[in-house]
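What follows is a pair of complexes built around chain A, which joins chain B in one and chain C in the other.
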Partner chain A sequence: MNLIRTGKAGTLESSDVMITVRNNPANDIEIKLKSIVEKQFGNHIRSFVTSLLEQMDVHSVIVDIDDRSALDCVIRARLETALYRAAGIKVFRWEEME
Partner chain B sequence: MAEYDFSVETIQYNIPSDRKPVEEFLSRLQLSYDEDVSLTIVVKQGDAIVATGSLAGNVLKCIGVSPEYQGSGLTNTVVSRLEMEAYYRHTEHLFLFSKPRNEHIFSDLGFSLVGKYPDTVVLLEKPSGMFDQWLTMLEKERRGEQSVSLVMNCNPFTLGHRYLVEKASNTAGEKGERVHLFVVSEDRSLFPMDVRFDLVRRGTADLENVMVHSGGPYIISNATFPTYFIRDPGDAGRIHAGLDLHIFGGRIAPALGINLRMVGEEPFCPVTRGYNRAMAEILPQYGVEVREIPRLAIGKAAVSASFVRDLIRNDRLEEVRSLVPVSTWEYLRSDAALPVIEKIRKEDRRH
Partner chain C sequence: MKLRRTMLYVPGNNPNMVKDAHIYRSDAVMFDLEDSVAVQEKDAARFLIFRALTCIDYENTETVVRINGLNTPFGEDDVRAMVRARPDIIRLPKTETPEDIEAVDALIGAVEKEAGIEEGSIRLFAAIENARGVVNAYRIAVSSPRLVGIAFGAEDFVTNLNTQRSKEGMELFTARQEILMASRAAGLHAIDTVFSDVNDDEGFRREVTLIKNMGFDGKSVINPRQVSIVHELYTPTIEQINSARKILRAIEEAEKEGSGVAAVDGKMIDKPIVERARRTLELAQVSGIYLDEIDEEVPNAE
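== the complex of A and B ==
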């Protein structure tokens, strides 16, 4: 997936997460996590997001995560939306996302 | 938060009946409702405003939450909404003004510190770390321990600017140092940013030790100094000038080893004069000397960009020739300059 602009999705409300993705000039995956449950789940969130990026074929990205203790399914939904926005994809191929 | 039944709405900030309640709400919190906002949202419970926040271009400001509701996450609601609104307007690099005591609230939401005017105001940005990135890029232009700096809008580049740059170049040159010349990059002047930048580049190309940089969003920008671009900013102008200079002295000067900032004397414009005064007060605190240089006079008058614009406005373009370098003159005579000249004739703007 090719990121042509910044993508952003989510909110900063409790139990949600705001995710911003942009192309990484260093051609690498960089995850910048800020979470109120960093101590408990920081490592889990990082590896979860990394695996989602791999699944979606994204290899050059800076991901800013402002987490307010979102569940995995929420993180996934926000990340996918942010990436689609960044890639300029407006038609979702839902069947491919499972 | 459903039990509180909050509603979030956008108000018509330019309609007095919409504006007034926000103004009153903010003034109860000792906050002002700035003139330059381009979007305002309010959180209401019933008819009462319990929180608000605004967007002025890429800057989040005038954010306030009623004391009874502080700690219930309304700041998050306001900031989320403003952030997404900014995103839909294709604004990706955000700034935020806050009181220093609230800095931690916003740093929890992903904003990081750009600079502060002690006890008065802090400027934060998101994505975090952009300022550090910008400074790292600048540092590559650093040679040696010390250097001289200039900051100019150059609207357009005149012989007055050239005179000041030459002074700086000679002063630095005597000690084998560089001059870092920052061109204000906010596109709110009559001459567009890329034209101003290009004319400075061409007008100083022969001065080997002069490096021309864009001021980016960190020097006299909509974020660091929003009131620079309006005519009579009052007290806010003093605060913004101070903020801009604390950022320069605290972060930018150390990155490039700047220990001298040279500036032209300002006989006309009160905002620039106030800025120069604040400069002499604040920069020495960071070990940066400030040297004011008298303006170059040709004939009886001091050469200034505003005088050049006045001549253009009054159809006296031919008289500009003796006040600007050849490169600026060539541009003014070119077809590319026609729309700009047209704009100058129609508008009377401060910068």
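== the complex of A and C ==
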């Protein structure tokens, strides 16, 4: 997936997460995490997001995460939304997302 | 007996409400991708509900997704995503004609086939929200074997009629009757519209009593507080349960003597009354009442 602009999704409401993604000129995955549950779940969130990025074939990205104790499925939905927005993709292949 | 006394609205882009949607014990939760989601957030809500439905266990609560209409830029993608997320029901808003239902039915069927989901397993609800839909109610009701119910949406309806909602609801009377008749004739559930003033418990109780007495199976609700009120009003009272038992005992004895008619407290009991008594007991049972624990000494009432 080729990120052509900054993509953002989510809110700072309780149980939500705000995720911003943009292309990383260093050609690497860089995750900046701020979370109210960082001490308990910081490592889990970082490895969960990294594995999702790999699954989606995204290898060159800076991900800013501002987490308000979101469930994994919410983090996943917000990351997907931000990435598709950043890639300018409007046709979704749901069969590949199951 | 399938209960649909309450269908709780959940805005589709609100994770806090989406994750806790089932804890209020409504019979159904309806995740909304339509009016409660801003146009620029339609993609975000669709991803959120897709992921929530595939990872959160909503237990016995029926899951419903209100999609955008197929005449919008979002409807087709909503169907393509939601069928794969496998909610129990897809609800089509602003249904005006049988063709609206036939189109969404065909698309659901095609995606079920692609995804290897048993064909016909995703059910449909039609929401009727304007005069054209009301006039076509029966034709809509029989337009697809996937349909399990019709919901009435009064806010758009009164706008279409150039009027506004009143506490008495006279402006909704014909539409409610038409939707109810069409649903009953087609063997579907009929669900009444929302009551928007969440601080007016008394008005809400009056409206629920009215639509229950008209014959509606339940109501769309917008606030968790409204769930227990609807369930309370839909649950038979001890007096009604005892009256139903007395009727069934009397008819059983009459049948033993070769008659289909009996008398209870001086009133004639025949087939339709017996049917209503059976329904009362069934409704009590599925509403969670332990019939064996009810003291039959409590005075009876009609």
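Here is the rule we use: the second predicted complex is superposed on the first by the 98 of 98 C-alpha atoms of A that agree within 3 Å, B and C clash if a C-alpha of one lies under 4 Å from a C-alpha of the other, contacts with A are read in each partner's own complex, and residues count from 1 in each chain.
One rule holds for everything that comes next: a contact is a pair of C-beta atoms (placed from the backbone, for glycine too) under 8 Å apart; a residue touches a chain by one contact, two chains touch by 3 or more.
Keep in mind that what you see is a predicted model, and the values were worked out from it rather than measured.
Superposition of the two complexes onto chain A shows chain B and chain C fitting side by side, with no clash.
Applying the stated contact rule after C-alpha superposition, one finds that A:Ser51 touches neither chain B nor chain C. Once the two complexes are overlaid on the shared chain, A:Gln40 sits clear of chain B and of chain C alike. Of the two partner chains placed by superposition, only chain C is touched by A:Phe92; chain B is not. Looking at the superposition, the partner that touches the larger set of chain A residues, chain B or chain C, turns out to be C. Within the superposed three-chain model, A:Asp66 lies in touch with chain B and out of touch with chain C [touch as defined at top]. Using the contact criterion defined above for the overlaid structures, shared-chain residue A:Ser14 touches chain B and also reaches chain C.
Centres of mass aside, this uses C-alpha centres: at chain A, the angle toward chain B and chain C in the superposed model is 110 degrees, to the nearest 10. Judged by the touch definition given at the top, the superposed model places A:Lys32 against chain B, while chain C stays out of reach.
Taken over all C-alpha pairs, chain B and chain C come no nearer than 8 Å in the superposed arrangement.
In the superposition on the C-alpha atoms of chain A, the part of chain A touched by chain B in one complex and by chain C in the other spans residues 10, 13-14. Here chain A touches chain B in the complex through residues 5-6, 8, 10-14, 18, 20, 22, 32, 34, 36, 62, 64, 66, 68, going by the rule given at the top. For chain C in complex with chain A, the residues that touch the partner chain are 14-16, 18-19, 43-44, 47-48, 50-52, 54-56, 77, 80-81, 84, 114-115.
Chain A makes touch with chain C in their complex at residues 9-10, 13-16, 70-74, 76-78, 80-81, 84-85, 92, 94-95, 97-98. Per the touch definition, chain B reaches chain A in the complex via residues 73, 76-77, 79-81, 83-84, 87, 90, 92, 108-110, 126-129.
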